[in-house]
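Look for chain A in each of the two complexes below; its partner is chain B in the first and chain C in the second.
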Partner chain A sequence: MKLHPFTPFALVLAVAALAFILPAPSGPAALYAAVAATALARGMRGAVVAGAVVSLPLWVFLVLLHAILPGGEGAAAALAQGARLGAVATASVMLIRTFDPSRFLDAASAGGWSLGAAFLIVSTMQAAPRLRLRAGSILEAQRARGLVAGGSPVARLKALVPVTLPLALGTLAEVDERAMALEIRAFGGGGRRTPLEIPAMSARDRLLRWGAVLAVSAAAGWRLL
Partner chain B sequence: MLIPSAVAINLAMGFVTNQLGLPLYLDTIGTVLTAALAGPWAGIVTGLLSQAVRSLYEGFIWLPFGLVQVVIALCAALAARAAGFRDTARSVGWGAITGIAAGAVSALISHVVFRGVTATGVTAITTLLAGLGLSRAEAVTVASLATDIVDKVLVFVLAGTALRGLPLRVAARYPWAMRATGR
Partner chain C sequence: MEAPLSAVVLDGLTFQYAGAPGNALDDVSFAVPAGEICWLYGRPGAGTSTLLLAAAGLAPRLTGGTVRGAVTVTGQDPQTDDGRKALRGRVAHATSAPDLQLSGIGATVGEEVAFAPANLSWPIERIRPAVEAALARLGIAHLAARQPAALSGGEKQRVVLASLAVLEPPVWLLDDAGSALDAEGRRILAALIRAEAARGAAVLVASEDADAMAELAHRVILLDRGRVAWDGSPHALLSQELAWEHGPGSTAIAEIARAAWLRAAGQKFAPAWPLDPDEAAARWS
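Moving on, here comes the complex of A and B:
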């Protein structure tokens, strides 16, 4: 059974909080190991790899700046910060790979959120990959028309204009069409939306959320005392 | 609908710079465009949402940089009020001012929260400067300011060109846009 759409957000926020609250370097390192083990146990090996790829360049610079070059804070500080970044990046990748926009919108509607706020979040999540694809198409089309998108830095800078302007202008021109499409569907008509399928809040969701709150509170209390 | 589209532009620009192999971010064009079209609040929401969505893909750890997006949105709104997108020279000037403000805030966050290690390009410069003998704080500040000034000048020039290229029919819907471009 799937988790409630809000539960993964609560868990990622808890991981981010714990990454900074737990004592360094062992706390963040243990947290990273725990997050990676959870991902592997859930069959999300790709999330562990993606999290490592995102944080790998930062590990390199952390070791250079803090462990090798003079004036750094030492290898322990580099390990702690790298583990923090790795833990949060892996948890975030797990979240994005399980995110279902329509279930999120249904859960937000059922939770009494304003339709505008819920739609803003979901439409943003859906627009991002769409526009990335369009940017790729524009780049390919301009290359086919003779755009030189490589070579010297100046040539690559010049290539920015014929890619960026169609992307920005096309997107802005589309705003009106999309707004009108929403109006036709009575988006601004007010009234509460009735979700057909309300995502269930299971005992597992409650357990995970309260577990996250307790873990963060306990870690914060332990550090303060 | 403007805000989700602008957030998507911000995120897509990361892909464009990556494809072109440019060591720049340009991931605030949507924020600048929204602030220049619909005012500071729309720009701030766009900036914060962009940072939140980017954080989803790359880790929530980058959320503190949302503050930089707020600074950029405020500067862009000020530029729009002062017709700062009327021509390229004005865009360059306002871009440089924004770069200094954004770079200062960014350096503070990088140094305090991230121990100087953030995005690859700026951290490479930080490492190089630290290797040349600058202190960690100095290296982070110089690297952040240098990269942010170049980046924001380009962002403002590209946003200004897009704003001036907007058909009058579209621009007329946004009172801030008419003022920003001095139409």
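Moving on, here comes the complex of A and C:
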């Protein structure tokens, strides 16, 4: 049975809170390992890789800042900051990849949310996958015209412009087109949306949510006392 | 008997995109009554898409630009907030790009088609049969549980059309909506247009498919650089030189119409297409 659409958000928030509450560097590192293990156990190896790729530039920056350049706080600080980012990035990618906009809207409608607020979250959650899809199709189109996108770093860098420029322009145009399509389909403009199927709140949802609250509270209490 | 009320009325509609040197629409006036299928024809840049966007209330609000003149759709002004509110779910506007018209929210085709009725707060007991009926009309009932993003372009376009048909809107604005469809899809779209007009909807169709529209439309409005260059029956347009000057003449049906017209007038003309089965047999056997 699927989780209630709000439960994964609660878990990601808990991961973000724990990443900063738990003592560094072992706490964030253990949290990152736990999040990555959960993703792997759920067959989401891609989320672990994507989380690592997203946080990699910052890892490099942190190691430079804390461990190599003079005046840094040391390798432990770099590890802690990097692990925090890695844990939150991996959990966020898991959330994005399992996000079901229709169920989320149904849950939001059943909860009395305004359509505008719900759509703000839906469109934000969909931005990354859409961008990825569009980038893929632009890359294929440019390859068909002879673009060499692989090979040396210089060749990859050269391929960036013919991919990113149409990506940016296309994304801007898509925003207008999608706004039109949604308006034609009576999205926005007030009124409550009818939930097609109200997502059930299972015992597992309650357990996970309360578990998240307890974990954050316990960690905060432990650090404060 | 009283004449039917006009569903779409344009009165001196003039539109200019921001930064454009001229008007995309220039003093366009006409009315489309309920139940009429009106074919909008024009070469690329003639203003047909802009006209449909303005009638839907999407231009200039979402496209930028300035508009003058008046637009009325079922008695409401789509250029005002109150008008748009009153027209929510009552104007079906579709283009040739199905990927951009899917909401991206429905996880299945069924949910995608149910998206607009749910937004309009229809009770679920009304939504379910309406969605089933719309899917059946577009011949995609078997796709109900599929992911919209995983469909072919033609299937997606049918989903878009089903998503609009489910609302049974009084006004349809179709901007080249058949171009992504295969032959069967185009037949289904033609049947949908006929049925919607028979139900009392006003249907404006911007299309370059003169072969299909000549039989489907009650009336054609030819736009030339934003102005109305012709307003009459499709057959009357296709049988004269104006059609050739503006593009629709470059189709099989227009060529046959022109040949028949010239032959009746005693002029010699050798059409690319035979005019009857005997001539076809003589030419192609």
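Heads up, the rule we're going with is that the second predicted complex is superposed on the first by the 153 of 225 C-alpha atoms of A that agree within 3 Å, B and C clash if a C-alpha of one lies under 4 Å from a C-alpha of the other, contacts with A are read in each partner's own complex, and residues count from 1 in each chain.
FYI, a contact is a pair of C-beta atoms (placed from the backbone, for glycine too) under 8 Å apart; a residue touches a chain by one contact, two chains touch by 3 or more.
On a predicted model such as this, the values are computed, not experimentally measured, just so you know.
By the touch criterion defined above, A:L169 lies against chain B but remains apart from chain C after alignment on the C-alpha atoms of chain A.
Of the two partners, chain B and chain C, it is B that touches more residues of chain A. In the superposition on chain A, contact of A:A186 is made with chain C only, not with chain B. In the overlay built on the shared chain, the residue A:R130 is in contact with chain B and with chain C.
Contacts of A:R103 after superposition: chain C is touched, whereas chain B is not reached. By the touch criterion defined above, A:R178 lies against chain B and chain C together after alignment on the C-alpha atoms of chain A. After overlaying the two complexes on the shared chain, residue contacts for A:L157 are found with chain B alone; chain C is out of touch.
Of the two partner chains placed around the shared chain by superposition, chain C is the only one that A:P195 touches, whereas chain B remains out of contact. Across the superposed pair, chain B and chain C both touch chain A at residues 130, 174, 176, 178-179, 182.
Contact residues on chain C toward chain A in their complex (touch as defined above): 53, 56, 58, 62-63, 84-85, 88-89, 91-93, 95, 97, 100-108, 111, 114-124, 127, 163-164, 167.
On the chain B side of its complex with chain A, the touching residues are 1-9, 11-13, 15-16, 19-22, 26, 29, 33, 37, 49, 53, 55-61, 63, 114-118, 120, 123-124, 126-127, 130-131, 135-136, 154, 158-159, 161-162, 165-167, 170, 173.
Interface residues of chain A, counted against chain C in their complex, comprise 100-103, 105, 109, 115, 122, 126, 130, 174, 176-187, 189-196. Every residue of chain A that touches chain B in the complex is listed here, in rising order: 12-13, 15-16, 19, 51, 54-55, 57-58, 61-62, 64-66, 69, 71-73, 77, 81, 84-85, 88-89, 91-93, 95-96, 99, 120-121, 123-125, 127-128, 130-132, 134-136, 139, 149-150, 153, 156-157, 159-161, 163-165, 167-169, 171-176, 178-179, 182.
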